[in-house]
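What follows is chain A paired twice: with chain B in the first complex and chain C in the second.
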Partner chain A sequence: MNTAFKENWLHKINPSLKLLTISFLFVFAITIHHFNFMITFTLSVSILFIFCTGHPYKHILLFLLPFLLIFLSTAASMILFGKGETTLYKWGILHITEESLYRGLHLGLRALTFAMMGLLFALTTKPVQLFYSLMQQLKLQPKYAYSFMAAIRLIPIMIEELQTIRDAHKVRGVQTQKGMNSLLKSIKSLPIPLLSQSIRRAFRIAVAMESKRFNSSNERTFYYQVGFSHYDLLFIGYFILSISLAYLFAINFPFFPVSDVRY
Partner chain B sequence: MAYITSVNKLRLKFPDEKGLLFKDLTLSFKKGEKVLLLGPSGCGKSTLIQVLSGLIPYSIDIPIKSENIQIPNSWGFVFQDPDSQFCMPFVDEEIAFVLENLQVPREEMPERINELLDMVGLQLEDIHTSIQALSGGMKQRLAIASVLALNPDVIFLDEPTALIDEEGTEQIWNTVKNISRDKTIIIVEHKIEQIIDFVDRVIIFTPDGELLADGNMTYIFSNYKEELKKYGIWYPGAWEDFKRENNQKTVSLRNDNEVHLKNFHGYRKKEVKISLEEALIHSGEWIAVNGQNGAGKSTLLLSLMQLIKTSGDYQINEQSIKKLADLQRKAYLVFQNPEYQFITNSVFEEITYELKGGKEINNEYFHKKANDLLTIFGLHDKQHQHPYHLSLGEKRRLSVATAFIQNPKLLLLDEPTFGQDAQNTFKLLELIESERQKGTIIIMVTHDLNIVQHFATRVWEVKEGRVISDRKKNETKKKVEEKAYEYSI
Partner chain C sequence: MFKGLKLTDILVTIVISIGFGILYKIWGPLYYAVKPLGLHLDQLIYGMWFIAATVAFLIIRKPGIALLAEIAASSGEFLMGSEFGLEVLFYGLVQGLFAELVLMAFRYKRFDLLVVSIAGISSCIGSLILDFYKGYVGDLSTWNLILYIGFRFIGSILFTGVLAVAIVKALEATGVTKLVRSSSQKDHEALNQ
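Moving on, here comes the complex of A and B:
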């Protein structure tokens, strides 16, 4: 992300640890079937997401927009067509029951937490730091790490190139012709020049890397030493504490009179 | 005297080609020599230095056979394309990548990085600068810095300035001169004006990859000038010779076109990126657009082609231009990379694409016209080939040919001679010149001062998003030409 932002404590967490923790929370979120707990769990994730990424609130809200859409679409399909006994509303094939309403909202929240956790990771982790950490802590082989880093460098170049190719084709008159056939042709004509450039570029970079004595079998030193700090404890501590609190709160002071949403 | 790198009876074959590239080539280099390899495109110069460095066959899988290849103990390789030799996003990380490979301890890295950047004259405020933000010349100097990190005895340079502007080229060669003491330097390059006094040995190859000559600069240029000319290698005075041989061909002006611009602005993301106060351009004019990297030259062409948002008055032959569709058959932009503009599977289809407008052509007139163009551009034998299979010079010619078949009134070109050898450059310029004499207005972005000097009739200078100067070159010469037009009309 190239948008301006403050670096704060979430950026300083060891990327491998962050990756593992968030993957664990992904799995954990799937195992939650208690609706009230899901609400409080979502809250505890969203506090970090909204207040701690260091990005301006305007951007955060913008990032959230597509995910609200995911929330609505996931929830709506389950709410409108799900099974249940206590009918709230029925019109044609639409059949909203109490059970399907809760289940839909539950699924929607789950999708939302997935999105927030994923973004939380992406917004606070630099790719280069992530791969250095993966090499140092999780013993990822350098050849994979460096190929990924080289590939990430290629993405902006490719986007720029795509725009240029589209312009170049416009000049040739690809888009000025009408009809389905020429539309198809114009879509078909983009990937070949783009891929042929990228493949050649990737090959050249690979040769250049080897010419600089990159060798996957050798030992290597690291420019960035990625270690652990007390922020890592804080990060894990936050989740342990907030999730326990979330659980206790949901059990003792339920918002809604349901427990398990599975039907 | 001990040799530092050599090949003995080298044979090499590219998988897709019939013959051998080298037939028992034997060549050796002494320590500390500065050598320049010259030859026409495709003669194997680049391949040879890849063999000498061991990139072939260890990194690039091409079968070779030889009695002996001596690869230097430590070497570095600077490649042609500044955008595809880095694997990290930031300057410091890129050099650190090399240091990591050499297992330099982490504590020593920052100091070493600063030292290396100093050596190549890259003074950055912060070494953690994005590589993407550097100019081409700076990128190549960074490439030299990361090669120096290897502490090489031999440095191979494979056309390091082919894609770099004049200013960057000078910086690169100054850097090479500064760092070259005690090192062996082996250079492959077409543009040799700046390194003539630097190299002490020149080797010329024939088109089939055989040795033609081997000696010092003076010897080569006094004895092999004809061959250099024939092979399209730049030599001092190439432009003068070309102009002398191809002069005084005045063709009558067939059309009279006029482009009028007033308060013209081009926008990107709602910001003004280029502006031009007023200009009136007539047939017979060839405008060279100059300026530094990032000044807005290409943006100017995109605006004139209506590929980005523009405002102001823009008229061609008194017809107002507001969008791309208004420019059909009026203007055509040739992009820097010809491959971007290819959309069909054969050279012939490529040329006739605009004519048939998506329909099959049966019309004899079109066939004839297409065949004429193919002949003029020297592509007749290749008309059934896939455009991607052409050589670099042929691709460029094809992309210009597709422009000509539309008979545009205004022809826009973005660095059409970049990275081309002399033969292709002259051929292309000749074709554009004849188009100019037919009445097409030429606007060409170029870094090459020789084109400005020998071909352009008018120069626009772009600086920080504005056309700051507009001068007609050589008024007297133009008047003579205009007179010629008058008489012929």
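Moving on, here comes the complex of A and C:
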């Protein structure tokens, strides 16, 4: 993601460690069934997301907008159609119960934390650093890592090419008509040239890389050395501390009189 | 599983998949726009998220490609800042693995609509298993749950099966698939018959 931002401590964390920590938190969040704990857990993630990514608050607010939609739409179907006993509202097939309301909100918060953790990672990690770190710390085979890096470099070229194909259509007077048939045609006329060109280009790059022995699995040296620093401890420490506090707070001062949201 | 893959196979797979990753990223807002309509109409378009595995496999036709493709597509989506966050990586891994298992069960020798549709259904089952843990979908009322699962199955056959085969047929017509399907592989097939 390319927007103007300040580099701060979140950018200096070892990318592999960051990925593993966030993966662990993902699994951990799935094991949270306690609604009040989910609320405080969301808070502890959102503090880091809102204040520590180094991006301007205007951008952060913009990123938050689609998150609201995610929250609402994830929560809605469980609230409206979920199982439960204490009826709050019933109209036709809609059946809102107290249990399904809490469960829906719980799911909404869960989706929100996943979105924030994912974006937190994407906003503070450079892909090149990530793949160098994966090779050095997690022993990912170089042929995969370099392929990923080459492919990521191709994204802007693909987007440019998409525009070229569109322009070419316009120049040659391709008319978009209404109806199912022309819709199918337009579905075919964009991705196929895009895909075939990408495959050709990928093939050429791969031949060049193979001739430069990129696939050799012998000892290799790296231009970038990615290591660890005390920021890594700070990152893990933040989560251990804030999640413990979140848990204690949720248990001692519950916001809502519910515990387990499962049916 | 990944032993027989050369750099060319890996790079072509990843490039195709990152392309699909961009599509996946665009698909997210579409999915959330359809979702509030209720009645799980969104599940009909869910199958698009399994397509990288089958398209890449149909193009390159080697073991491990489906899994690699789905992982690459989901990491592309993730690094572009997906609304779903980290969950896409886990879903991608599981969906790719489930598709790969079906292709493996057919010993990577069949490349027709039936096999890729089964692979799509298998990915679908993988995603449903995760949904049961993550989304409590088991706690939906029964009629609603059936609608949810039914729509997702239909969607995965349409996108992962039918659409993927159509795309690869069109690509075969352009001739690019000859670049990546090695001749030695054809010789192997001729020997096996």
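Here are a few things to note about the model shown:
To be clear about the criterion, the second predicted complex is superposed on the first by the 254 of 263 C-alpha atoms of A that agree within 3 Å, B and C clash if a C-alpha of one lies under 4 Å from a C-alpha of the other, contacts with A are read in each partner's own complex, and residues count from 1 in each chain.
The rule is short, and it goes like this: a residue touches a chain if its C-beta (ideal position, glycine included) is under 8 Å from a C-beta of that chain, and two chains touch if they have at least 3 such contacts.
Note that the structure is predicted; figures quoted are calculated from it, not measured.
When both complexes are superposed on chain A, chain B and chain C fit side by side without a clash.
The superposition of the two structures on chain A yields an angle of 70 degrees at the Cα centre of chain A, opening toward chain B and chain C, reported in steps of 10. In the superposition on chain A, A:26 contacts chain C only, with no contact to chain B. Of the two partner chains placed by the overlay, only chain B lies in contact with A:164; chain C stays clear of it.
By the touch criterion defined above, A:244 reaches neither chain B nor chain C. In the superposition on chain A, A:214 makes contact with both chain B and chain C.
In the superposition on chain A, no contact is made by A:229 with either chain B or chain C. Considering which of chain B and chain C touches more of chain A, the answer is C. When the two structures are aligned on the shared chain, A:87 is found in touch with neither chain B nor chain C. In the overlay built on the shared chain, the residue A:150 is in contact with chain B and with chain C.
Taking every C-alpha of chain B against every C-alpha of chain C after the fit on chain A, the minimum distance is 7 Å. The contact surfaces that chain B and chain C form on chain A in the two complexes overlap at residues 150, 152, 193, 196, 200-201, 205-207, 209-210, 214-215. Those residues of chain A that touch chain C in the complex are listed here as 1, 22-23, 26, 30, 63, 66-67, 69-70, 72-74, 76-78, 80-83, 95, 100, 103, 107, 110-111, 113-119, 121-123, 125, 127, 130, 143-144, 147-148, 150-152, 154-155, 158-159, 188, 191-196, 198-203, 205-207, 209-210, 214-215, 261-263. Note for the complex: chain B touches chain A at residues 53, 55, 58-60, 76-77, 79, 81, 83-90, 92-93, 96-106, 109, 131-132, 146-147, 150, 302, 305, 307, 324-325, 328, 332-333, 335, 337, 339-343, 353-354, 357-358, 388, 402. The residues of chain C lying in touch with chain A in their complex are 6-8, 10-12, 14-19, 22, 29, 32, 35-36, 38, 40, 59, 72, 75-76, 78-90, 133-136, 139-141, 144, 166-167, 170-171, 174, 176-177, 179-180. Interface of chain A with chain B (complex): residues 128, 146, 149-150, 152-153, 156-157, 161, 164-165, 167-174, 176-177, 179, 181-182, 185, 189, 193, 196-197, 200-201, 204-215, 218-223, 225.
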